[in-house]
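Labels run A, B, C and D following the written order; every chain starts at residue 1.
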């Protein structure tokens, strides 16, 4: 599905530009002088050893944290100063799934969809991720892989054009990984932008346009 | 804007009732503290009546502090707090909704329990409506203060232990006006003064508190 | 002289109050100086380690 | 059109206050002056208050404790407000130096609050017969203020990342400073209810002029002393926070040589 000219047919004007970004965490400089830009339809793959700042970079891009120096520009705005109505545009999936353990899969998905004013129906997602069996089970009873898939379903429910995925493939089996790759392709095809950090770059290389090695 | 509050409210209330044991602990804590006082003091009626107001209000204060200790910690541990911070809704409103949900399950039951405990402290029946009114005005302030404490310590391992140290000095005014209202009620005098003061504290807390708590959560989880 | 010391019978209270104040002030002055001296001392032996973090590289794959 | 330079000069002055080396040198230059004048003022004030000023007709000489109790009470409250303002500036404009100032004010403020409590307690003995008079609104307020200081310092110490410690404790300082007037008046309101011994109201029986002058001198002496210690602590804090910068390493080298 990946094609070399993936990003071009959306017009090359970049929507996400990162210029000379510096990220510090806990007083330690993690990341220095990082610049890249992504146009609609492009996906960046963030690779690097543990502690190289992959997670911190994604949290800064999401607006959860503030960079020590440099600028991030998403459609002319800075993520950590986005007004609430624009925040639906960025979807962040961290190491933790962001699901309430005492709610069932269904309840979690419905809450995510209504709270994020999302689009798309819940039913096809549940079918696609083969979650029908555990749909009414409490999230705390699911396996890590199933929880990851529910978190990915939440991601799809959000109307976000920018996906920030922190190692989405953890705990996923082969089938789950294929779904992630397929979704990334579809997201890019729809003109979405994604920044994905991973320890297995070769699995996701097909879906990526640029690689950011920290 | 209101749907944001409703979604969070519905979700948090559903969560609270799913773990009802966590819900009941602060209320039982309230009754236990109140009933330990006679053991510590004397069973004598006159003395208990004189310290009754203080006992009720101290127990209410400590139980509401305990009830909101884990308000943000549960969400920050499973990652849903990050999603709430990034959600397309003002974080202050989200935090207010969470405080209202937790107040409903910890503050409101106090309005039922406190009169029962007050009666056991020989408070005259006529004074109970005023006690309920005073508690109804004071518990929001206590919930907001406890929420600010919970937000400040959300990312700390031993966060729960220092909430008391941070927040109890700030509950002084509520304690003063609350006990005064109950004493005046016991004497049958008009309770308007302290009630107005409690109401003004509640308005200040409910308007500023969620903003500070939201900033604290965002900063602590940065 | 001794009626000044006596302080009209309140001597012990007045002098203990002033004594405590003096002690607290002197301690704080010493603590402030030590606070700065410590910072300087710690700087000298801990030649602050330089962070040499490689510059990230961005390359095309797509 | 000289309005523009003044505004620009003010802005540049404020801006320069943000640069650590400038503030470090400024504190260095100020502290000897503050130190000397505060000691002189304290000596003169103490001598005047203890010896020259007339005893109070009601309480006799125990009244002289006012010359150290009132200044430390003022510093305890002023210190908290200064700490909260510095922390708020640090939080809003992300100025590390403002957080540094807040860190230095906290222990000093706490010490002077404790001092106000102790001197207030000692003063209470000859006048009310007990070291701790619950009915005294001022002592009660100072006690709660001490808890606020301790709460701020404990919260700050429980974070290992300094930047997060700065920002979260800044919010607590803001919450605290909003509550300080509320606590002050509710405690005042509380004491009028319970009719504690009202022999000493704020400032006591009408202070005659020759009692007021030593009090003002002591107030000035205490404040300058506070400023002096603040400069010293701020210098230490700047060195600790800027330990990686070049100007600090050259400074350390010079000091070491």
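One rule holds for everything that comes next: a residue touches a chain if its C-beta (ideal position, glycine included) is under 8 Å from a C-beta of that chain, and two chains touch if they have at least 3 such contacts.
Predicted model only: the values in this text are computed from it and were never measured.
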Interface with more contacting C-beta pairs, comparing A-B to A-D: A-B
Chain B-chain C separation of Cα centroids, rounded to whole Å: 38
Computed distance of Cα centres, chain D from chain A, in Å: 49
Cα-centroid distance, chain C relative to chain D, in whole angstrom: 14
Overlap residues in chain B, where contacts from two or more other chains coincide: 222
Residues within chain D bordering two or more other chains: none
Pairwise chain contacts under the document criterion: A-B, A-C, A-D, B-D, C-D
Residues on chain B engaged by chain A in the complex (per definition of touch): 3-4, 7-8, 11, 14-15, 18-19, 75, 77-80, 82-83, 85-90, 221-222
Complex contact set, residues of chain C against chain A: 51, 53, 55-62
Footprint of chain B on chain A - complex, ascending: 62-66, 84-88, 90, 92, 94-103, 107, 111-112, 114-117
Touch list for chain D against partner chain B, complex: 144, 147-148, 150-151, 154-155, 158-159, 164, 167-168, 171-172, 174-176, 178-179, 182-183, 186-187, 189-190, 193
Complex interface listing, chain A residues touching chain C: 2-4, 6-7, 28-36, 42-43, 45, 48, 205, 208-214
